[in-house]
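Letters A, B, C and D mark the chains as written, and numbering starts fresh at 1 in each.
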Amino acid sequence: METLTAAILPATIRRRPADSHKGTYGRITLIGGNRNFGGAILMASAAAVYAGAGLVTTITDASNQGSLHARLPEAMFADITDTAMTQSLITSANVVVVGPGLGTDAAALAVLKTVFATVTAEQTLVIDGSAITLVAQHHLTLPQAHLVFTPHQMEWQRLSGIPIAEQTAARSRAAADRLHATVVVKSHRTQIYTPSATYENPLGTPAQATGGMGDTLAGMVGGFLAQFADPDQAVLAAVYAHSAIAEELAERQYVVLPHQIIDELPRFMHEHQA
Amino acid sequence: METLTAAILPATIRRRPADSHKGTYGRITLIGGNRNFGGAILMASAAAVYAGAGLVTTITDASNQGSLHARLPEAMFADITDTAMTQSLITSANVVVVGPGLGTDAAALAVLKTVFATVTAEQTLVIDGSAITLVAQHHLTLPQAHLVFTPHQMEWQRLSGIPIAEQTAARSRAAADRLHATVVVKSHRTQIYTPSATYENPLGTPAQATGGMGDTLAGMVGGFLAQFADPDQAVLAAVYAHSAIAEELAERQYVVLPHQIIDELPRFMHEHQA
Amino acid sequence: METLTAAILPATIRRRPADSHKGTYGRITLIGGNRNFGGAILMASAAAVYAGAGLVTTITDASNQGSLHARLPEAMFADITDTAMTQSLITSANVVVVGPGLGTDAAALAVLKTVFATVTAEQTLVIDGSAITLVAQHHLTLPQAHLVFTPHQMEWQRLSGIPIAEQTAARSRAAADRLHATVVVKSHRTQIYTPSATYENPLGTPAQATGGMGDTLAGMVGGFLAQFADPDQAVLAAVYAHSAIAEELAERQYVVLPHQIIDELPRFMHEHQA
Amino acid sequence: METLTAAILPATIRRRPADSHKGTYGRITLIGGNRNFGGAILMASAAAVYAGAGLVTTITDASNQGSLHARLPEAMFADITDTAMTQSLITSANVVVVGPGLGTDAAALAVLKTVFATVTAEQTLVIDGSAITLVAQHHLTLPQAHLVFTPHQMEWQRLSGIPIAEQTAARSRAAADRLHATVVVKSHRTQIYTPSATYENPLGTPAQATGGMGDTLAGMVGGFLAQFADPDQAVLAAVYAHSAIAEELAERQYVVLPHQIIDELPRFMHEHQA
């Protein structure tokens, strides 16, 4: 297992070419946020926008439209019950993030099945939160796509079948290989299983132990994947940056709120670009 | 009567263990905010989040969903008319706060009765604002739980039967004992009646004399109770911190808005942790 | 005509007594904001809260509930179509502000008539914006109350019958006397007609020439009246403070937004209190 | 082709005359924002307000009312399905901006036709985003008005018929002349075709390559046109200021969010006024 270092940041965060436009930085569609968990998809979407993704669309429960735009006018909105629009917005994206605040009811399952039926092998799909639980509960067949899972340890237990106490690197490595996916197992010391290697994030602070941190990371992972060339590096850099910003804030805060990490992203990425 | 000092802060606000997660810091459910008083439960919920509670859910009128997430995406939402979900979210919490902006109509009474019927002896229940008035008006039987009341003096008169002018420490002490509860009687010099002792808060500024201060304190009390081991200390530290932050802000502000106290919490707790 | 000076500020903005509570600083009800002009009543309400009024309730179109609490959780909300609640909230207030964003349609007229029929001689009523136009258009009989009008010059023309070009101090003075009201005629150099004297505000910057400034002033006037003993001084100090803050901000801004003046109020009042 | 310099700023941004009022700085109506793209019209409207336009009204889908006022209480709202009110608000404006987030469906087309049928030769009409696409798709006859188009290169291809790769200055010049309009072709190096000359903006940073930048520019163009005497200079100064602020922010940010440019406008315009 390799330990991540700050070197992953300039290796990943390219200096933007002068002659570029928003299309250069990807088109990302985030899907989640039922009536109860709307904040989750709002945070994930904001993380994608502040990470620099070119075009961001949020597919969520209609009741979240107003709060989305009150916080984040830069994101576009679509109603999660509009299946045709959902399919269209999946198809036009290069990265799809599904799961933050999605919930696990029948409607959520139907949405997730639509996502799986629509993504193609050229696209990257980040599967987070309740979507991971749904995959495990319903033994869903995973789609042909570049898959990234971002489970916390309990979700990883559900998905991999490995009890938390037995989640050794070797067993998780094998499970990730079986999934043909990159897996980010979030914990005190997050581990990342890319297709080619295993990494541990040495950073992270208990000030981060609060609701919404995972949703924010999922959005950052999506935002980095949307714009940076190497997908493995994109995931690693997002994980590292998320914790590094939290550690900076924790030098003066007892708890770090997810939206505060998001607010720091443009400055942090500027300071750590190539 | 003991006078609180700043020593209560490091005695209570533990340095967070490195190997912890959001579950370590408690799960808190806040219930209140009818159509008229939605701001009250928004402030209480934000105080709980910014105090560092691990997972925060706000049960409120459906009309408050959008403003909740526009201000506080970190909180989860539930519709106060959904009794089954309310019961479930009470059961899964370690701390429940009921009352901020709840109102005193029949629907509010029904919600409060649901809360009382659902909490168990292992849980902590903070009863604030209109919920205190409802208890007094309807002579409700209090549930078996760790009870904390946070009345202002008029609410304390309603609950204890002691007229404001006659609220001596001795009489309030006796009334708190009869309630088998910790009681925070908010005033110019707030008094706290824990099961074992009586305290006075020496801090507090008239710049705090504005609507929403009590809601904010209730949320802070809940947030401290959710994560700190000693419940008496948690209440005392929350009361002290609330006034201490207000005094800091009042050095440069004529009036201190409740949300400004909330915004300062992460920094203040960092500076005053063990 | 007297020219206002900064002396009006410490003469009015008392140092708050230590032993006080939110009731000490007044209860203010603001009424306005139809579906189109909701922002106006939001700004007026925020100005009242940030000026330090003890308890603030906003009666407005139901569609403005969410944005009110997203910006200002400290204010309570009531539905402007609920006449019984409107009457109750007028009766319980010491200051009522009516007009910001109220509009001039039949529903607005009905609301204004309810206000006029409910206020009593002991209460202060600030009549602003569309409410002034309604009074003029419908020749409404003014209620027995401490009346303050805050027209811009065109509204003053409508109310007083004096064309803008002919609004000399003498003619305005006579018109204010006929109204038995304090009148604030807003312009480049605002003039204030109290029952006993006439004042000119020497401050004011063209950076203030933007929508919402008058709504903000009306809320400040209400907030000052709610908490300061001398009503004439309260109006004068509010007018002066509004322009003084704008001038400060205009030293570094081409245009000053109303909400920016509101944000500065607590600091400004701290610096200029007795 | 002339290259813009910072000299365009003081040449355009006049020092405001002391004796002025909000009417002096124009009345602007912005039309756009369907249910999906509400953020676009919110950003355009905020840009107009923060640029200093005197009175700003936003005509948009009803579902955007709350988020508009949560972000921008200074703007008035109208429901885009209310044709009579739309016509009235077009007629009372000196500048109309149509297109940000309008969409391209039948309802959007109907709105655009209403705009074209209502504006007069004395008014300025800024046509942006989806409105440009609608003009091209439906071969709409342009109204008699001072027209400003703000297409990105693909929209310019649709409108002018010139493929992106062939958009030379000469061909674009000719197309702009045929339209009898000022055309701002947004790209890495934006070009501006006024009736009398052609300009290139030397500024611009890839940090701006994110969704919402164009909507923000359209609002700034409208806000400058509403208050500055020379319409050609107003457009040029808005384009230059938009990029200049972005370059300033990009010195410390990897990506610059549109709302951040808006927030800087009052300060930037103060520093660069005559």
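Going forward, contacts are C-beta pairs under 8 Å (C-beta built on N, C-alpha and C of every residue); 3 or more make two chains touch, one makes a residue touch a chain.
If you're wondering where the values come from, they're calculated on a predicted model, not measured in any experiment.
The minimum number of touch steps linking chain A to chain D comes to 1. In this assembly, the chain whose C-alpha centre lies farthest from chain B is D. Of all residue numbers seen at the chain B-chain C contact, under half occur in both copies; the interface is built from largely non-matching residues. Superposing the C-alpha atoms of chain A onto those of chain B requires a rotation of 90 degrees, given to the nearest 5. The distance from the centre of chain C to the centre of chain D, with each centre set as the mean of the Cα atoms, comes to 34 Å. Once the centre of each chain is set as its mean CA position, chain B and chain D turn out to be 48 Å apart.
Each of the following residues of chain D touches two or more other chains: 66-67, 70. Residues of chain C that touch chain B in their complex: 13, 16-22, 24-25, 49-56, 65-70, 72-79, 265-270, 273.
The touching residues of chain D, when paired with chain A in their complex, are 35-40, 42-43, 46, 63-64, 66-67, 70-71, 152, 187-188, 205-207, 209-213, 250, 252-259.
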